[in-house]
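Each of the next two complexes has subunit A plus one more chain, namely subunit B in the first and subunit C in the second.
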Partner chain A sequence: MTSASRVVATALLALAGAAGAEEIKPGSAFLSPQMQRQQEDEARNPGWLWVEQGEELFSRRDGVAPTCASCHADPKRSLRGAAARYPQVDAAGGKLINLEGRIEQCRVERQKQPAFGYESQELLGLTAYVASLSQGVPLSVSTEGAAKPYYEAGKSFYERRQGQLNLACTQCHDGLVGQKLRGDTISYGIGTGFPAYRLEWNGLGSLHRRLRACSLGVRATQFDYGSDEYLALELYLAVRARGLPVEAPGLRR
Partner chain B sequence: MASFNARITMPAEAKAGDIVEIRVLVRHPMDRGGQVDAEGRVVPRKILNRLTVIYAGEPVFRYDMHTGVSANPFVSFTTRAVETGDLLFEWREDGGATFTRTARLVVT
Partner chain C sequence: MRPAAIRTALIWLALASAPAGALEVYTVVGDTIPAPLGGKIGDPERGRALVLDRTQGNCLICHQVPEPNEPFQGTIGPDLAGVGARLDTGQLRLRLVDASLLNPQTVMPPYFRNQGLQDVAPAFRDRPALTAQEIEDVVTYLASLRTP
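And then the complex of A and B:
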């Protein structure tokens, strides 16, 4: 290679790198075309099995408690876009909650029923159902007012080196996007497809389950499901994904 | 295990003689067994081992499944539309349990 062509090649690489850094793509953009088609096909994406379960639970009556549908009549219209606004700060409690948290809160406080528990099949089903009602709606979370400290916490979590491997989220999910990590392609770390059906799990899982897998991967502390750390990170990831459409239930490797 | 759930996707209507595609996705862990549980016993295999589909009084499709089949298996097949009626889907699980679903095909 002549030195002139090397300069051109370097310039091209720099250009490609700059373009990649500006435009954030959802996780599905890193799937094979076959898997992308499978995600979009409701007959073949197994995530819809959980959506069906959620839809059933939504109008199921437990004892004397009102059903979800008693308040949220016509959910296809009334709840469209709801998932795109989570996580958000709960007006009553003043704390950040995500969609799973809101559904559990409704169940415990309004329906007076025992909580399903994070990552239970029932909660995953309901979350997937409610999220699926927002398919295609661009993410529009708020970082104003009470949400601001959570956003800052999430941002610093994302940028902080951690674990025995001493890696920050940003080093892979900004710096090495498109490259291979074992058999998979590194994505921007966007959670628009969650709860998602992961082939590795043989089932549906929440974003927090995915984050726990990432924490384990860098040999860092795994936080609990629904912990403040992951909630703040979820908010930061949602801000990164602002304008990208909700894809849940997604299909991931 | 969560309740058995099947998603059967096919056209609701077809002309006589048409080839219709039927797509079937079911929720099942397809546990291949062999693990040792907390009491030291070997967990038995528990998978759906057969799907049969009966249409117009005749078996039109049979799928024998083994431990290599993934959880929540998907299968698609085609059949010829002959008369208006129900397609009867029956899954057989290890241990003898069966699950059935029907889907109606209107032939014009």
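And then the complex of A and C:
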């Protein structure tokens, strides 16, 4: 290669890299500067109250059952990065599960305790705690093998018009990013800040709760918490967010 | 209107005249629906209320209207100030009934359509977002917005 063409090639590579890196920004990039600072400040982001409760639950003994900490010693190191790899296909069951699903599975199968239930304060706390251990770790979910059909289903969900208002996720979260929908600024609609404390909820909520709100917004069917539909969608959103850091617990309007 | 759009309009006409959940039949001429739906007469005050009501038109999630007391108006669709001077009532009616007849990729929801929609929540199934009377109310209100 001549030196001139090498310069051009390098410039092209740099451009391609920049475009890729700039394409999708986290939800927090669309918050007001005040809310961005509040999200980053553990003392002022109420989501950390749930993280603290989750941390307590993590080593709380229920009867004779082993605690989470009995299996996951030194969680700050052993579980760092775990949240960034969800949702993933559970090797034993062959089904896609998210972080909430994995925690419930540990609770029921390994601790032999009744499930907490999706959106219970306990499960939200544990999920927020485990997710917080991955803060800053880039998302790196897999779409290979058994995950592939879920990825495909999530993608077509994301692209399909739905509801009485006949809108697809992509129309808002790709086509209208940065525009105002009432008081909200439309983001790329990825879930890296979840579970998040939403002022509108006055509490912490899961990604699936946020998805239910968008479904309702277009007057479409709201799928159940933990449904295959939202799990597949969650996987697709995580693929769109690949390389972006986990930000949970986020703070949202 | 392009031939494809006319064809789509005819398909909707055919569906609309089907017995289940039948809607008032309308005729598309160019980029307009010239005749009031079901011959109804619109009321601009009711139309204004429908436009502002979050459970009805909820138009302000996407549009701005000349209502200084309404905070947080959307920036997704065109500003509706002066829309009554830009478009005649037939054009307004078509855009409200089903803007996808003009632009298949449109973000503007179809407000008078109950077919060809997917995964509609049970509470909204089989009925259009606005009734024929409500469409006429909103059209009359929009037609009154003459100052840009």
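In this text, the second predicted complex is superposed on the first by the 231 of 253 C-alpha atoms of A that agree within 3 Å, B and C clash if a C-alpha of one lies under 4 Å from a C-alpha of the other, contacts with A are read in each partner's own complex, and residues count from 1 in each chain.
Basically, contacts are C-beta pairs under 8 Å (C-beta built on N, C-alpha and C of every residue); 3 or more make two chains touch, one makes a residue touch a chain.
All figures in this text were calculated on a predicted structure; none of them were measured in a lab.
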item: Contacts of A:73 with subunit B and subunit C, given as first, second, both or neither; value: neither
item: Contacts of A:161 with subunit B and subunit C, given as first, second, both or neither; value: second
item: Contacts of A:171 with subunit B and subunit C, given as first, second, both or neither; value: second
item: Partner chain in contact with A:219 - subunit B first, subunit C second, else both or neither; value: second
item: Partner chain(s) touched by A:49 [first = subunit B, second = subunit C, both, neither]; value: first
item: Greater residue coverage of subunit A in the superposed arrangement, subunit B or subunit C; value: C
item: Contacts of A:181 with subunit B and subunit C, given as first, second, both or neither; value: second
item: Residue ranges of subunit A in contact with subunit C within the complex; value: 160-167, 171-172, 175-176, 179-183, 215-216, 219-222
item: Contact footprint of subunit B on subunit A as seen in their complex; value: 42-44, 46, 48-49, 52-53, 121, 125, 202-203
item: Of all residues in subunit B, those that touch subunit A in their complex; value: 2-3, 5, 7, 9, 23, 25-27, 29, 70-72, 74
item: Of all residues in subunit C, those that touch subunit A in their complex; value: 60-62, 71-76, 100, 107, 109-110, 113, 117-124, 129
